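Heads up, there are several structures right after this.
Two complexes, one shared chain (chain A), two partners (chain B, chain C).
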Partner chain A sequence: MPRISPAVARAAIVLCILAVWEITTHLSSASRILIAPPSEIFWQVVNILATTSNVPKFYPNAWITIQEFIGAFVITAALGVALGFLFASSKLIGDAFEPILLVLYAIPKVILYPLFVLMLGIGMVPKIIFGITVGIFVVIFNTSAAVRQIDPDYVKLAYSLGYGRLMTFFKIILPAAAPTILAGLRLGFGYTVIGVMAAELLVVTDGLGSLIDWASFNYYTPQLYGLIFITLTIGVAGNSLFSVLERRWVR
Partner chain B sequence: MAIIEATSIRKSFFDAATGRETVILDNISISATENDFLILLGPSGSGKSTFLNIIAGLTPHNGAPGQVRVHGQPVLGPNPKLIAYMFQDSVLLPWRTVIKNIEFGLEAQPLSKEQRRKRALKYLDMVGLRDFADYYPRQLSGGMAQRVALCRALALETDIILMDEPFGALDEQSRIILGDELVQIWRKIRRTFVFVTHSLTEAVYLGERIAVFTARPGKIKTEIKNDLCRPRAIGSPEFNRMVDTLWAHLKEESITALNREKAGEDRIALPKE
Partner chain C sequence: MGPMSAIAPRTHSWAVLAIQVAFVAAILAMWQFSVSLGWIDSLFLAAPLATARALIPTTILAEPHLAATFSAFAVALVTGVLAALVVGLLVNTSRYTYTVFMPLLVLGVIIPKVTLLPLFVLWFGIEKATIVVYGALSAFFPMVVNVSAAGQEVKPAQITLARVMGYSKIQTYRKVIIPAMLPVLTSGLFYACNAALMGVFIVELALARFGIGAFVRNLATTFRTPELYAAIILTSLITVIINMLLWSLARRLGRWRA
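So, the complex of A and B:
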């Protein structure tokens, strides 16, 4: 049997699905309002990006969403990692506050969003904060777990070699915890994106969410698919950034 | 002249569960001279590793009147300029290559990058692992990892190297081979080795002097001078005689330790430092 590389197999299955999708949409009697064939979605994406479609103000709206993604994730990452280290740094702090965190984690965050809008208005701020509340928990939990899982012998080794606290942190704790923290950041990014998009669709003002809502409301089905595809691509691009980082840092 | 001098060391802690004081080490006095190869031999749970940690300055003891002096100075904490410490596991950092792991030992000291590299290479040569300088720890066998750990300890160029059952996790053959290499290195660099083990064969094979610990609370039962000429042959009549002598001292202690383990009495949890 000839050897097939995973990449080829993956491409083949994706092409297969697209082909079946294309053919069935042409053959079936399903309404074009419900489903669009991949070829039409592709042209819509090209048109949207070239601003030759009827999608209004695509780039300003996309830029708003990207800013929200970045803002929400940067704060999620910085605050989440810092809190994770804090919880792992002392048993008292960890034992005292982690139960609270677990309760907050279990709450369906969506029910809080009207409150955010009430308090913060309808600009980017409530959407960013909502993204943070959805994404931050996994970052905190992964970071504190990463620090707790460090082999105590590593710390003892550094101590026996005359390392101070600061050097132990940078030369032992940080590199030893990095792979798990990075895995947490990757998940956190995914959740943050979900949070921001959910916020955009809950209270529609601007951003890609508002365009998706517009397309859906007007039955512009190919545009709707195109916009969904573009939004997904932004998320996937962010995610693949982590793959690059992981390959560089994690051995 | 004694380079290490431990006098009346006592280590105990208050066990909140039983409301009693648990004594780990009871009035231990021992010294080691320059170029000594001292073995601390004892049943499991006899506190020999704890004692090694106390000499290293990694674990506090009960304090006065007990005292550990190295070169006449009291030991108050770890001192990597005087004492190198080798763990039972290799404790190599998985994100660093072999040579970077050895350099890690020197990074807390005021040495330039080139000096660190030079020193690391010198001792990699000594343990015969120069070709593996750029390997990662996961690519090494247990025996090789332990050689790198030894190399990291040697590269500190301290007068004293303390070893806590460094070959305990290895198979018997690797254990003998590494022991052999260790003796050769010891003869070459003339430093003071203190080596914890519970293996009689290892003790007789390596040691110049063997201190036998009692079951908990650890005391020194006897100190035996081992003047078998090197290279020593495992299984030779004089080797076996020495093992028999040691066993005569150790047997009773091992039985006590074992019975205690059976009774579940030995499940003492040492408090974290």
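So, the complex of A and C:
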């Protein structure tokens, strides 16, 4: 039996699911409040993006959420990689802080969100800081693991070739650790997005979370599906960006 | 990689312990001073001593909520993990099914599922069903990806070797296939467990009327700050204990493999 290429098979599966979804929503008696057919969601997405739907202030709100994603991720990345290098650079500091980090990692951060709101109020700051809290651990762990797994002989070789500390860092340690760090950054981005979106939905102020809340509160079901689709797409797009970077770097 | 790689036995020295004690003491001191010196209003930040005093009364109040939350979590985790085992093994039946389905399952992991919460409310209401379904779904995706990946850990050469050595089918499973899969499976269980916890807490915080998330939300909105801190510390403690059990399980299974 000739095998179809996996990508084609995958596309066929997705199309089948969409077709079944479309047909069942038209045939079944399930309320249109509960479920919207894919075709309608597609038109909603187009309308929302063209600002011809009734979704209020789509672009300002989307921009707020994107700023939160970027802000939270940039700080997560910078701080996480720096801390990862710090913990890997000294065995003493690493051994001392790793158990503490593991315990902090084991706490589901979302239960802490009420404290963030109490101390930082509402608005972008608590959402960004919460996103960092959710995302930073995996970045720290991956960075310090990446640095530790470098063969010490490489570093010795660099020193014997007369490389200085800075040269060794940029020419040997960073390139050798880059793939694992990038993998950590990709995971960190995913967690940061989850943190920011959880924060937006738990305490509704502005951003895409507030639009989603608006749509669900008013039972604008197609708009709700459309907004959720747009938000998920932003998350997946960020992730794919990292996959591309990773593939390029590993090669 | 990730946190699972950090669980290696390590030598403990006095210096390490001293740094840890100093760090925790510094945090506690900073926490206490920021309240007692009036940097932060005690309406928003409870002092450690006030929190400690609230710990026991809050534990008594929180007990039925904790029971509800963690029973929902247990059901969600078991459902999600069992479903992931079945689906993962099906995906693993051939290299072809693996290449077709794996990207779809990975997509399930990387989409921020919390955004779907309003849909779950629409479909399942604001009762226990939403908590369990959302928790199970949160556990399912990280687990299924790991089950599928675990199957790829078994090298065909190992199975051939086992057959050549005269192992029966059951022996091959016990001695070759399962030990090869176990480390990836336990790391999957670790992620599934934490995702399910996070899922259950998100739903409860957002909308449940009962459970520790609802309890915490009520304490926060009524500014009962010491009780709020106590409840959060209590919940965190339980989740840390669950994680420690998983780490010791992972370490034991890791040793078995070696």
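What we mean here is this: the second predicted complex is superposed on the first by the 248 of 251 C-alpha atoms of A that agree within 3 Å, B and C clash if a C-alpha of one lies under 4 Å from a C-alpha of the other, contacts with A are read in each partner's own complex, and residues count from 1 in each chain.
By our rule, a contact is a pair of C-beta atoms (placed from the backbone, for glycine too) under 8 Å apart; a residue touches a chain by one contact, two chains touch by 3 or more.
Keep in mind that this is a model prediction, so the values were computed, not measured.
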Task: Pick one for A:Ala50: touches chain B only (first), chain C only (second), both, or neither.
output: neither
Task: Based on the superposed arrangement, let me know which partner A:Asp151 touches: chain B (first), chain C (second), both, or neither?
output: first
Task: Check the contacts made with chain A and report whether chain B or chain C touches more of its residues.
output: C
Task: Would you check which partner chain A:Gly162 touches, where first means chain B only, second means chain C only, and both and neither mean what they say?
output: first
Task: Have a look at where A:Leu224 lands relative to chain B and chain C in the superposition and call it first, second, both or neither.
output: second
Field: Complex contacts: residues of chain B adjacent to chain A
entry: 56, 58, 78-81, 85, 87, 89, 91, 93-95, 104-105, 107-109, 136, 156
- request: Going by the contact rule at the top, pick out the chain A residues touching chain B in the complex.
  value: 151, 153-154, 156-164, 167, 171-172, 175-176, 178, 251
- line: In the complex, chain A touches chain C at residues 3, 6, 9-10, 13-14, 33-34, 92-93, 95-103, 105-115, 117-119, 137-138, 141-142, 144-146, 180, 183-184, 187, 190, 193-194, 197-198, 201-202, 212-213, 215-216, 221, 224-225, 228, 231-232, 235-236, 239
Message: Residue numbers of chain C touching chain A in their complex, please.
response: 1-3, 5-7, 10-13, 15-16, 19-20, 23-24, 40, 44-45, 96, 99-101, 103-104, 107, 109-119, 121-123, 194, 197-198, 201-202, 205-206, 212-213, 216-217, 219-220, 223, 225, 228-229, 232, 235-236, 239-240, 242-244, 247
